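Each of the next two complexes has chain A plus one more chain, namely chain B in the first and chain C in the second.
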Partner chain A sequence: MLEELKVLLLVAIRNLALHKVKTIVVGGILLVGSFLVVFGLSLLGSIENTMSQSIIGSVAGHLQVYSANARDELALFGSGFFGRDDLGEIEKFEDVKAELLKHPNIADVVPLGFENAFLGRGNLLDDLFERFRSTVKSGVEADTLNMVETIKTNLRTVRSDLENELKISSIPEDIKKQIADVEEALSDNFWMRLKADPESVLLFLESRIAPLSGEKEPLYLRYMGTNPEQFTQVFRKFKIVSGENIPAGERGILLSQRIYETQIKNIVARGFDNIQKGTVEQRKKIADDVALRTIASDLPKQYLETLVYLNGEQRKETTTLLKEFLKTDENDLETLMKNFLTVDDSNFNDRYEFFYKTIAPQVRLYPFKVGDTINLRSYTRSGFLKTVPLKIYGTYQFSGLESSDLAGAFNFVDMVSYRELYGRMSSEGQQELEALRKEVEIKSVDSGSLEDALFGADAVLESRASESNTTTSTTTTAASPVMEFKRLQTGSYNPSELNTGMVINAAILLKNPRLLATTRVDLEKRLADAKMQLKVVDWKQASGTLGQLVTVIRAVLLIAVGIILVVAMAIINNAIMMTTLERTREIGTLRAIGAQRNFILRMFFVETLTIAVLATFLGSVLAALFVGFLGVRGIASPSDFVSFLFGGPRLYPSLSPTVALVAPCVVALLALIFTLYPAFMASRIAPAAAMQDRE
Partner chain B sequence: MSVVLNGVIKDYPLGASMVRALHDIDLTISEGEFTTIAGPSGCGKSTLLNLIGCMDVATSGTVSIEGKVTNALSDKEQTQLRLNTLGFIFQSFNLVPVLSVYQNVELPLLLQGGMTAGERSKRISELLEQVGLANKAKNRSHELSGGQRQRVAIARALVTQPKIVLADEPTANLDSETGQNIIELMRTLNSKQKTTFIFSSHDPKVIEHARRIVRLQDGRVIEDVRK
Partner chain C sequence: MWTFFVVAFRNLIQARRRTLLLGSAIAFVSLLLLVLLSISKGVSDRLIEASTLTSTGHVNVAGFYKQRSNSATPLITDREKIRALVQENISGLALVTDRARGWGRLIGPGGSFNTGLNGLILEESAFLKEVKLAEQSEYKKDGSNKVLGKIENFGAPNTILIFAAQAKKLGVDVGDTLTFITEANGGQANSVDLTVAVIARDMGFLSNFSVFVPRQTVLDLDRRGPDTTGAVWVYLKDISRANEVRLQLEGVLRKAGYTLLEHDPRPFFFKFQKIVGQDWRGLRLDLTTWDDEVSFINWIVTSLNGLSVFLVIILGLIIATGIANSMWMTVRERTKEIGTLRAIGMQKGQVRTLFMIEAALLGLLGATAGCLLGLVLISALNAAQIPINNSGLRVFLMTDVVKLALRPVHLAGALIFLPALTALAAFYPSLKASQMPPVQALNQGK
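This part shows the complex of A and B:
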């Protein structure tokens, strides 16, 4: 047997050497196939690993728990559909947490809830007039005069814009009125009233002139309510960049550094930042890249964003500096600034430097900064607009994911403010409301029993105050739907409220993540036994479409590799068929001198196996070396999105030993399967074929 | 009797019709005979050898080898018969190109199994000695002359010590002197080992070496003479 195998192997090796083209084609295909499978799956495995770290380490935790009554599925990073997800509510977080912590594998449970809010950003003139109001109030005459000049300059720009608009407008009468208003604001008579009646001047500017510069788009912010201190301790990637964490018991917001830089920062500065990133970090050319070209062409149109903040002196100084920088005799600052902001590949670097050195210090780079209070506006569950003032305590980012929009998608607020924006009242507020109700003898009734309550017997009208602890239910029968709630002061609360009461979902951190699947099943059972209608999902499911991404990529890769392999195998099959035909006489001779059919079959299998084992393992070794090389050098993330998947700006892939061993075996096995038919055909060659095809 | 053919007919399809290659052949070849099947090209020599060599099946009639009717045997049994009872020498030598002289001769023994490497080596060495190729054992077939290749083929045919050796035009691809030498070698081996040799040829010089001449024409035996 061993001797026969030796001969088979010898025949195989000699035949492989004899039919070089076939050997190279078959071996090459098997090598590439094995390389692709090992490299692809190792890369994917590494991405899955880094991505899971990104998702688990930022907001998801290992598991997430939320209401079983949710109409939508939890999608922390977006479900891919617009609109507001209905995730139900976890009424008493403290009970759920206590139940979950009974499981030995649970390290911690963090309360969460996310929602969208927006910040009105006013317009350029709003900002200017707001500052003017405070300057007037301060009573420093020099400053006031300086600002008057700035306002006049801006008004001239508005007038020129309106005059241009007048030429193409279909409603010239309106525009003419607006121009007349601007003319009035530019007249000396108007400004002479400032001393005697400052309020009328300010009101005219704020109500008649400010709207003319157009409203800026509101800023949409996704915010996540949580227990800030606990969150920082549990999610180790979380890092405060500036300021401090929201102290327990205080209302506040932590802005995402990413959002702060890419959405809140002055638009001209952002334009410079983006072009700088594209040209320096990504080595793109403005001329070649559509996105960079668009940013560059928008820059000159945004010139006002850099001038509106300048007073008279600063305007003069900037004019001189720009004239010198641009080496021009032009005296008009607007034109100079437009020219300055017209950037291309040849002048960008110098202008970027000049902008940050000279222009930026005079510009308000951020409309609000750490320490300021912003009014976060959000629609409550029942559709009322709710405004909550929140102090910006700081900015944060996730380590390694600084440039990722996904990881920086959230701004964190304390859970108490979250509940308020959601439409729940704090316990303090509820007590206050109760007192008010008693005082004015209001009884709360839901809309279904309204008729009975108003017109039925007294017995029906019973107090439901204890059940109605939301602002929405207290107002549905009394207030109009456009009613807006606005609390004017930020305030403190009892820190224990962070971990008690309503939350939307909660992140569960495990002691041993390897037991994730079994823990998830255990927890679902435990919660069901405790009559808590909650579902527990793993991080992959919780992250929405993103979590499925790797599964999808893997499926696509496997299908692609599958197709490649099937085509490759068809080629291999064909190549072996061709050599079978060439070797008809040799096979006939073997049959004639007494070789059984299965000897011929074995001969073909040994041949395929020899080349397959050599080629696939060589392919696997090459893939391993390549993965090893990339593991040291890293693969640069081509985009901010991919950097989230990579868990940072570079992916350092690692080889999966199982894949490196199993993949070549699978490819070799496939090759053997595809050798079956030609081998079978060869075994059917009649011994009389030995007499044919004479030399 | 070594080989017995009874009323053997062989038809081949040719397009839509059938062509009769052999007509009602009755032939008996005894053990140790040195027989040639002679006749011009297309007379049915190769067909007859194929039937005797279990490489083809008669349309009617029977072919018996060492008392076994080959028509009734399965493919596996026929192969066994070829391996253990028959030896083949082909016109084009048909050596396995990728194997050495030694390995080519060894191949049938490996297919048979049951012998140790030492036993095989001893037998192969003796045979190579007999065919005059003792010093070429390690050579590959393309390094040998035509005559040398045919000697290897003879050694391969004899290595299993078959009862019958079939040779289809064994000298056709050789010059006449080499051809004569090969026939001489076959005759010597036949005398020494009492192996039955049946070979086809159309070369009168070769034919005259045979002790029995079976002459075919148009698929019929027209002459059967023993010297």
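This part shows the complex of A and C:
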């Protein structure tokens, strides 16, 4: 037996040496095939690994629990809709947590709930009139007169704005009335009243004029309610960048540093940041790169954003500084700024530096800062629009995922505020509301001043479209009847409320993540036994479309590898067939001198096996070396989205030993299978064939 | 030359077994190539179909109207005039229409989400007849497999067409009422009640973000006058002319006195922030092509095409080595024959040509067979309407049944590429063969 194997091996080696081209071709194909399989699977495995860490370490945890009555599936990173998913409710989080913690593998359970909000940005006139009110109250005449001039300038702008509106409006009469209001506010008669009856002037300005200046486009924010302190402890990648975490018992919001920098920051500063990133980090040139060129050509058009917040003093100072920097005699600040913002590859670095050193401190780089209060507007589960003012306590990021929009998608609010935005009051609030409801004042607010009501810092306000006097048949109406009542809660609440009461979903952290699958099944059973209608899903399922994307990538990659292997095998089969044809005489001779069919079969198999084992393992070793090399050097992420999959700006792939061992064996086995037919054909060759001439 | 073909063909017939072997390998490969190409073409066709229905024309004359310096309304005035300018100056038009654009929250009994409103002009929306309607079971648990609404019901004032996934989310059926409420329009929140006239089948995730209503509904909601619209959508007979037409229109509109924004190849809703920051007021036009408006999902098609190219290259390499090997063996096997040919006076170059023609012929035969098989397979797959059950795949492939698109150019490509590849693979072996002295060749043959 052993003796025969030795002979077969010798024959195989001789044959391989004899048919060099065939050997090289078959070997080469097997090598490439095995290289691709090992490399592809290692890369895929590494991406799945880093991505799972990104998802688990940011908001998902290992498992997620939510109501079994949910109509939608939990999709933490978006379900493909811009709205609220129906995920049901976990009525009493404390009970669920207690039940879950009984399982020995559970490290912690974090309450969650998420939703989209939009942020009203207020309008300039509101600020102006507010300051005017206090100036008037202070009684310094010179200041008041000064401000009247500023107000008049602004009113002229509003008037021409309204004239623009008139051109596109279907309700010109209303707009004309608004213009008449502005005209009145511009008239001397109007200001004559200031002395005698300041309140009527102020009221007219605040209620009739302020709403006309309109609001900036809203900013959409995705927020997640949680227990902030617990969240920080459990999710280790979570880092506060500026400010502090939301303290227990306080209402507030933590903004994502990523959103703060890429969506909230002054657009001119963002332009500088993006060009800086492109030219310095990615070593691109403004002149060569379309995206950078677009940003650069947009920059001077945004000059107003740097000037709008400057007062007279600052304007003068900025003018001087810019004149000095640009070495020009130009005195007009607008022109100076436009010139300054016209950047190219040669002047960018200097201007970037000058902007941040000199201009930025004068400009409001962020419309709101840590410590400010913002009004978060959101739809309650029943479609009401609700506004809750929240203090910004700080900004945060996930370490390693700083540049990922996905990881930075959430802004965190305390669970109590979340419930309020969701349409649930805290227990204290409910009692207060009950008491207040008896004397609640329902009044209709003019639709124009809706925003005032919304933005009154002390008003919680709800309006529901379908309850307004909407007509179904003809046209539309303003959703106006508005219920307004005094703000119920102050900033604080009982900290225990963070962990009790209604939540939407909860993240479960495991002590031993390797037992994830069994723990999930255990938990589902446990919850069912406790008569809790909840379901438990793993992080991948909980991540929604994102998780599916990876499934799709995996499927596509496997199909690609499959196709390559099939073709490779077809070609190998073909090559062996061809050699068989060529070797008819040789095989015939072998048979004639007494070789059995079995021997011929085995001869072919050993031949394939020898080359296959050599080639596939060489391929695997090469792939391993390549992966190792990339593991040290890293693969740069081509986009911010991919950096989430990579778990950071670079992917350091690692080799899976199982893949490196099993893949070449599988490829070799496939090669053997595809040798079957040619080998069988060869074994059928009659000894007489040796005598005949070739085909 | 003809003789060469005849001889080559005879050679192939004579070595029937080898021809069959190698030919079937080539046929298989060409079949695979065709299927690959038609998958990636199928996906990009779906993308064009879904996007030109829900979010863009082939070329769009859109723009922004700034009432205030800090606003950015995606709206244009002079609707009639701009439409007339397009009609007069552009040839090869299939349709010119315009759609009013609205934005806000759609609220149903089961849930709510933000969506864009597509205000349609009914008389110019013949495509509606082609829209596939959803069976009740697609959006309702335990629903029947009947289609409830009729497309004719859509178009009455305050009717709405939504897509299956949206209906599921909102928890509504045909005939139910939805509320739409606008957002962020200078502090006004206007609302309207809309009756669900029809529920259409999903078209990937593009259809999640838009619903269809009559044009007047959008105008009423936003209080816009009759000569305003969101964008003029230009459909061409030949979509590949989109960029050329965009450039042509830029000239036409500039000449007509309009100010144009610099071309920015992104969808309009990515441009709000940048427009808000600019200091001009009034109207500026923004011309885009369909692929600008869907550039944020074009990566699906790009990566699929990239993958196809990668696969074709790897496969091409494998096939080329395989064929080269076979050719090599053929030549060696036929050394004697070559010696004979040379001995009776054939020139070196002629031998080489003969072998290469033989290889090309073999490639052509194999490729033809593969293409025929591919045609049959692809039509069979399309006819079978195989449903895609994985929701992730549905989203990324933008269809719910397997749809492959075969282009004549793919067939032609396969029929040229493969014979060229085989001929090329045969080059070195035939060079070697032709260089052998006839005497040696004759001797070696034994």
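Throughout what follows, the second predicted complex is superposed on the first by the 509 of 695 C-alpha atoms of A that agree within 3 Å, B and C clash if a C-alpha of one lies under 4 Å from a C-alpha of the other, contacts with A are read in each partner's own complex, and residues count from 1 in each chain.
Keep this in mind: a residue touches a chain if its C-beta (ideal position, glycine included) is under 8 Å from a C-beta of that chain, and two chains touch if they have at least 3 such contacts.
If you're wondering where the values come from, they're calculated on a predicted model, not measured in any experiment.
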item	value
Of chain C and chain B, partner touching more chain A residues	C
A:2 touches, of chain B and chain C: first, second, both or neither?	neither
Chain B versus chain C as contact partner of A:10, first or second or both or neither	first
Chain B versus chain C as contact partner of A:303, first or second or both or neither	second
Which of chain B and chain C A:551 touches, first, second, both or neither	second
Partner chain(s) touched by A:18 [first = chain B, second = chain C, both, neither]	first
Which of chain B and chain C A:591 touches, first, second, both or neither	first
Chain B versus chain C as contact partner of A:29, first or second or both or neither	second
Intersection of chain A interface sets (partners chain B, chain C)	694-695
Touching residues (chain side chain C, partner chain A) in the complex	15, 17-18, 21-22, 25, 28-29, 32, 36, 65-73, 75, 77, 105-107, 110-115, 157-158, 165-166, 168-169, 171, 177, 179-181, 183-184, 186-193, 195, 205, 208-209, 219-221, 223-226, 228, 262, 264-265, 272-274, 276-279, 281-282, 304, 307, 310-311, 314-315, 317-319, 321-322, 324-326, 328-330, 332-333, 390-393, 395-396
Parts of chain B lying in touch with chain A, wherever the complex brings them together	46, 50, 53-56, 75-76, 79-80, 82-84, 87-88, 90-92, 94, 96-99, 103, 106-108, 110-113, 117, 156-157, 160, 168, 173
Contacting residues of chain A [partner chain C, same complex]	21-22, 25, 28-29, 32, 36, 71-72, 80-86, 116, 118, 120, 124, 157, 160-162, 164-165, 167-172, 211-218, 263, 267-268, 290, 294, 297-298, 301-305, 379, 383, 385, 447-451, 463, 465-466, 468, 470-479, 545, 547-549, 551-552, 555-556, 560, 563-564, 566-568, 570-572, 574-575, 577-579, 581-582, 694-695
In the complex, chain A residues that touch chain B	1, 3-4, 7, 10-11, 14-15, 17-18, 585-586, 589-597, 599, 686-688, 690-691, 694-695
